[in-house]
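For reference, the structures are reproduced in the following blocks.
Both complexes below contain subunit A, partnered by subunit B and then by subunit C.
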Partner chain A sequence: MIMESRLSFGRWEAITLLLNTICVQIFIDFPRVMAEEGATAGWLLVLYNSAIVFFIFSFILKLFLKFEGKDLLDISEEIGGNVLRVIVGFFIIIYFAFILSMVLREFGEGMQVIAFPESPLNFIIMLFLVGIIAGAYFGLESIARFHVLAVPIIIIGLLIILLSVTQYYNFSNLFPVMGTGSYNIFINGFHRISTFSALIILFIITPFLKTHKDLKAVGFTTIGMAAVLLTVTTIIYLVVIPYPVAVESFIPIYQVARLIDIPRIFERIESVFIVIWTGSILLYLSVAFYFLVYTFQKTFKLTYYRPLIIPFAILVFNFSLLPDNYLSTVHLEAKYFSNFAWILAFGMTIILLGVGNIMKNKRQKGTGESD
Partner chain B sequence: MIKRVELVLIILILCGLITGCYDRKELDDMAYVVGIGLDKGEANFLRITLQVAVPMQIAEGGDPEDTYFIETIEAPNLYEGLNIFNAFLSKQVNLSHVKVIVFSKALAKEGLQVYMNEIMEGREFRPSVHMVVARDSAEEYLKEIQPMLDTNPAKYHELIHKSYLYTGFSADTRLHNFYIETNSEYIEAVVPLSGVKQNNNNNDSEEPTSEENLEAEEPSEEEAEVDGELIGLAVFKGTKMVGELNGEETTYHLITKGDLGHSYLSIPDPLAKDKLILLKISQDRKPEYQLLLYNNKPVVNINVILEAHLFAVESNVPYDNIKNLEVLEKEAEDYVKREILKYLHHTREMEVDINGFGGMLKKNFTTWMEWEKFNWLEKYKESDFDVDVTVKVKSSGAIIQSIPGNYREERKEEQL
Partner chain C sequence: MGNYLDVIKNLILFKEPERKETFTLQETSFDENQKENEKTVESNKRPTKELEVQRKHNDLKVSTDEEKNMKKDKLKISKKLSENLAYIKKIYRIPTNADVVIRKFKVVVKDMSVNAFMIFIDGMTNTKVIDDNILQPLMLLSNLDIKTDDLDIAKYIESHLITHNQIKATKKFVDVIDEVNFGGCGVFVDGLDVAFAADVKGWLGRSVGPPNTEITIRGPQEGFVEALRPNTGLVRKILKDEDLIVESASIGKKSKTPVSILYIKDIANDSLVEEVRRRLNNIHVDNILDSGELEQLIEDVTILPIPQTIATERPDRVASMLTEGKVALIMHGSPFALIVPCTLPELFHSPEDSYMRFPYVNLLRFMRVVGMIVALLLPGTYIAITSYHYEMIPTDLLMSITATREIVPFPAVIELLLMEFAFELIREAGIRIPGPIGPTLGIVAGLVLGQAAVAANIVSPIMIIVVAIAGVGSFTIPNFSLAFAFRILKFGYILLGAMAGFLGIAIGLFLQGLWFLSAKSFGVSMFSPIGPVTSLAFYNDFTRVPIWKQEKRPDFLNTKEITKQPKISRKWLNKKSGDGDDNGE
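Our next item is the complex of A and B:
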């Protein structure tokens, strides 16, 4: 705990950490989900969600002014004491435990289909759990610093895949421009801001960022870069694999990578995809797992977090094996995560900060002091 | 110091574990299939033919016939068939190097939906696998291919399917685009037609040819014992084959789609009766399309630009003079326009838009539901076509100026 209070990292570390955490969905099923939701306008849905998150974040930023250097747990303790801190911490723990288990399961299933058809699922999941445990032991600073090295390589790898299939581009696949219709995109599609729910990590790492200015820079840069990556990926996916076939693909970007074929020169490039896919997911899982144990530690004011790593790893491993199959996992994620994650990440944050700001203003008026 | 040793040990163990040893398969322990043929078997079974590569013979540069072998069995479906193959082959069948899947015409006419579902579910099939429809039997096609110039059967399949770029007699249909086009709402799929050329014998077709099926036109050169050939296209409506295009129509299909590399065209000599002129045509620019709706009736305007090189003139007419060249160009344009219209009318009769003209209409609709309701593929049969062709004869090959045609006769007369 003493080490963590001295811990800090720069803007670029925070940006790459958050960027990978948000954009890892590209390597799971994000483009397919956007195609399912918006049809040929899946990319428009991404842009729309990005714009909403941009405004929500601007609003949250203003509310954070009075709480510089404090995270959600600190703020909730300030508002409602230990009880509120535990309640908020509990929700954040559920969030991380859920998404971690689901992504770990989806990843394991994906690896089984693509690369290891004979290997038992729990063997694959366990192996990656070892990597996640190692990341958690090394700590956030190591994880963040590793992101600085790995994330640019991952982005370059992704762009190479997307640009290598230009022969399949057919821009008429983006028409009709409104896809499933404006109601489906702008009203029903609102809950898809859950795509950016990983920004909750930003509201937890505020003590590690030096100033409010850093928080602002990291937030806006991350949202901007994530919006570009998510939109470009969705557009290229749709122009290569048109709707309605686009909703069928298992791990869409892998299917795109399989199309790269220059006979006897470049073949089977999807093996490179597996490397960047695994790298991105492993980094994401490390981050999510770290914040799971960190949040638990902070919620219950424990001195150390390392003793929690193994028990939580066992819990996450078992949770990941609970769904019967891949389809159940996807269904659970679609039903619960995408519908409610935004409420936690943005709704809860705004409520806490809003109440906190009101209480601070009242206190200031009462005492006549200025902060 | 102890911690470091433990850490290194853990890393070493992990390195070993993450190499995927559980799924380890030796390269030598697998039988690599390069071609799959699917025919109708007896009693609703599927007749599956596998063309399996023999890597040792390929490596040693042996006789092309020895670089692969063919096996056929019957099974309820593809994967059960592969299971049976695994039971008698000494090595496990591996489909990751399949280059071609051949369907018989009989199967294609019944519909390929079931087989496509199986194939698309398979993780080993690559999206770049070529598709072929065999006029007779897929098994016969795979058996009769004799790659004379390649010791590697996989390379043979790769190269033969590129031949459309310089023959204009087939197309390049892969699993990926076939699947997309059979599920598309604005384009239908075509697949190269193959056949076994039996010299001076009629093809033993299992199915009677319908009025709409035109006989494939054979290339003008005589061929010796060449067996499998790719000439013509099978036309699909969804996953069912509904007709065929012959070799010439295939060339015009490629021209209209903008996929022609180059091909040879014989047109009537406009200045000499009953004589022909041989042109080598190529397409450096994609055609320009416009699709308009007049009273809900589609009118497709197509502007095709071709380049031509004059290769042979049967008559003595000098086409190196500009005036004659213009006449030739006009004749070529009229000829190509007529043929393109003939081809388009044929597609209209078959009620299939295999050029994807409907893609131009998509931007006129706001939502997907409106576009689906419009149902372009059903409307295609009401289409009218307006074709403009521009042919520019760029050169006359290696001869820049011809001797006047009756030079020898004139000289003889002078001497006399």
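Our next item is the complex of A and C:
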């Protein structure tokens, strides 16, 4: 950890890291979930959620002003000492462990169905596990740099898929514009801001970013780019696959890719995109796993994080195999992730920062009066 | 067995990491570095008890060797010639050493005949220079009446009798011995506690010729040779700049191989030069013969397959990199100079890139990247497609592949490994056998064996195509060591492709990416300028901009002077310009 304390990375590294962490859901089930929640207005729901997150982040940013260079754990320690730091750390660890296990299982199952029907699920998950163990071993610096290289390629790959199915575009699929109604979108759809819950990583990497300005630039750029990518993907998914079918499809973006038809060169081009999907998922998993062990290390003030890698990898592997099947995994994720992730990422952050600000103001007033 | 158990134990159990000296190239001035070094020295002065015990233990180990060297260094020349002669004979094991020559003679100094002797190593010296410029003046010209007021005999001999351009008078044996060992000669005169060491190098060597491994169509056709000074001279011939510094160092307890550190004082980052110096001065080996060995001793990560220095035999390439702000190492006995730091994109550059017009270079660079991808991934991808993703292949092609594979008794991966193994054998054999037989071997082994293997139904024709294209792809990589790295990694991708298709290949790419991205060469990330992103990332490393647009030096080198040329370097485009006063805009 000697090197880690000196680690700092640029804006572009942070933006690509967060962008992939948020947008990886495109490759899992995001377009389908949006179709389920907002029907033909799924894309509107994404825009609505993005706008809310934009305002929440602006508010958080103001609260962060007095805590430049400090992350959530540092702030919680400042407010409530070791006890609060451990409690906050515990919640973040649970968040990462849960989401990591679920994504590992979902993508493992998806991969098995798409390309490896004869391979056991354990084997596929273990392959991913090798990747994330290596990611954690090489550290955040390498992972962040890898994002700079890989994320543009992943985005280009995604755009190729979306643009290769132009012949199936049917914009009448987007009607009725308000889908199942404005109540469903604006009230019931609020909790879907959990899509952006990965922004919690931004509140953990603040010590690695140089200034408050960097935090601001990284946050807004990420939210903007993620909003565009998520909205475009949802729109194209909805215009290509009609609503009744859209809510049923398994790994939505794969279903879109299956429609690609480049005759006489490749019959079924979608297999090539396995590389891109796997790349995106591996990056996401290694980021989540790194922050899982990093948060544990920081919460309990351990000197090294590397001894934690193997035990945590075994834990995550076991957690991922706990749900009975793919459907129960999706159900678990829908039940807990979308309902509670936003509370942790935004609610807890605002409360911590708010209390922190009040305490700082009081202290400043106290010192001012005593002077 | 014990070793294997240790490896397994290390994989499972945690061991406190060793504290290694790490170096990151940063924008700090030399003074700051000095201060930091002083701080670390001070902190080292207060070691923990444990460290102190360890240090004492280490000190005990090396003390005998060091004492020996200290004695040798301090030993002074005696006034008695017989003592000096005895010492020299003892040091050089004369008469066992047949090529060490001791020539006794008499010198006339101020009407006195004095005994003297000379020592040199036959075969390393220029005997004509010894005869004409040292022996003849001492033995014959000393009889002439020389008008001088010099009373000191040593000075008199140095100033009036030895008519040689490079001579030094010394009181220490070690100076004379070092000179003699490196093609010089030593002259001892009775009654003097001073000896004369003259540089009379004259060994036979290769003359400057075209480089063997970096052949270009455009550009200079000179390559380094095995001698140090001609090599540094070749660089100086290109860079006629007084700020070009050629520092000397010596490596190897026995070989004492001279190494020159070359850099441009007002461009190169001081901390980089200091780091190079530190690494060179802290190499403790008995002998070092080639820069290939030096490369292995100074590189950051031993296990990384890609090279972390650029080895070149072209003086023009060294000169060009020095002007970028890099540091070059030229070693006596090696026709390859090492340039540090090095990045992965630079390993794809050919020396010719600077001499050709930029559209051609961009095409060539693109082709090299394609070649690299093909060499690395094609065999693995073929296995992945034929084993897992056959739905990708158009039905007609799939039928023909299946038809050719039907009669082959092995699984595709075994077939491929057999072919790759055969290809590597042919490549290795082609290098080892004498020149004229090489092409014959290529034809016999490559064509005849390939044809026969297909006819015998051992391999399918498409497999031959895959292996051949991957082989050709690896030849497009300009750096010899880098091509090696990708050849090794290719086998990993074959196994991953056979194990898990595209998923395996994606995981392989992920692991390789992380590995390469974590690597550094002299404090600079191997993936610079994109990992980490520095300004002008795509400026001249991936693509190449026209020569008049190459205004800046690489940002990751943190050079003292970032601008290489003014924004408008072609002043003739400006109608109003006079004689081209070069003052920026």
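Methods note: the second predicted complex is superposed on the first by the 366 of 371 C-alpha atoms of A that agree within 3 Å, B and C clash if a C-alpha of one lies under 4 Å from a C-alpha of the other, contacts with A are read in each partner's own complex, and residues count from 1 in each chain.
We adopt the following convention: a residue touches a chain if its C-beta (ideal position, glycine included) is under 8 Å from a C-beta of that chain, and two chains touch if they have at least 3 such contacts.
Computed from a prediction, not measured in an experiment: that's the story for all the values here.
K.L.:
Check whether A:142 is in contact with subunit B, with subunit C, with both or with neither, and answer first, second, both or neither.
P.N.:
second
K.L.:
As a test of reading the superposition: which chain, subunit B or subunit C, is in touch with more residues of subunit A?
P.N.:
The partner that reaches more residues of subunit A in the superposed model: C.
K.L.:
Taking the superposition as given, does A:306 touch the first partner, subunit B, the second, subunit C, both, or neither?
P.N.:
second
K.L.:
Quick check on the superposed pair: does A:127 touch subunit B, subunit C, both, or neither? Answer first, second, both or neither.
P.N.:
In the superposition, A:127 touches subunit B and subunit C alike.
K.L.:
Which partner does A:345 reach: the first (subunit B), the second (subunit C), both, or neither?
P.N.:
A:345 sits against neither subunit B nor subunit C.
K.L.:
Contact-wise, after the overlay, does A:275 reach subunit B, subunit C, both or neither (first, second, both, neither)?
P.N.:
second
K.L.:
Classify the contacts of A:13 with the two partner chains as first (subunit B alone), second (subunit C alone), both, or neither.
P.N.:
In the superposition, A:13 touches subunit C alone.
K.L.:
Under the stated touch criterion, which partner chain does A:150 make contact with: subunit B (first), subunit C (second), both, or neither?
P.N.:
Second partner only.
K.L.:
Quick one: classify A:158 as touching subunit B (first), subunit C (second), both or neither.
P.N.:
Neither: A:158 stays clear of subunit B and subunit C.
K.L.:
Quick check for you: in the superposed arrangement, does A:35 touch first (subunit B), second (subunit C), both or neither?
P.N.:
Neither partner.
K.L.:
Could you list which residues of subunit A make contact with subunit B in one structure and with subunit C in the other?
P.N.:
Common to the two interfaces on subunit A: residues 115-116, 119, 123, 127, 130.
K.L.:
Quick check: in the complex, which residue numbers of subunit B touch subunit A?
P.N.:
For subunit B paired with subunit A, touching residues are 14, 17-18, 20, 22-23, 123, 126-128, 158, 176, 179-180, 183-184, 186, 359-360, 362-363, 365-371.
K.L.:
Which bits of subunit A are touching subunit B when the two form their complex?
P.N.:
These residues of subunit A touch subunit B: 39-40, 113-120, 123, 127, 130, 168, 170, 172, 175-181, 241-245, 255, 258-259, 261, 263.
K.L.:
What part of subunit C is in contact with subunit A in the complex they form?
P.N.:
Answer in residue numbers: 12, 14, 17, 19, 22, 24, 385, 388-389, 391-395, 500-507, 509-511, 513-515, 517-518, 525, 527, 530-533.
K.L.:
Along subunit A, where are the residues that touch subunit C in the complex?
P.N.:
Touching subunit C from subunit A are residues 2-3, 6, 9-10, 12-13, 111, 115-116, 119, 123-124, 127-128, 130-131, 134-135, 138-139, 141-143, 145-146, 148-150, 264-269, 271-272, 274-275, 278-279, 282-283, 304, 306-307, 310.
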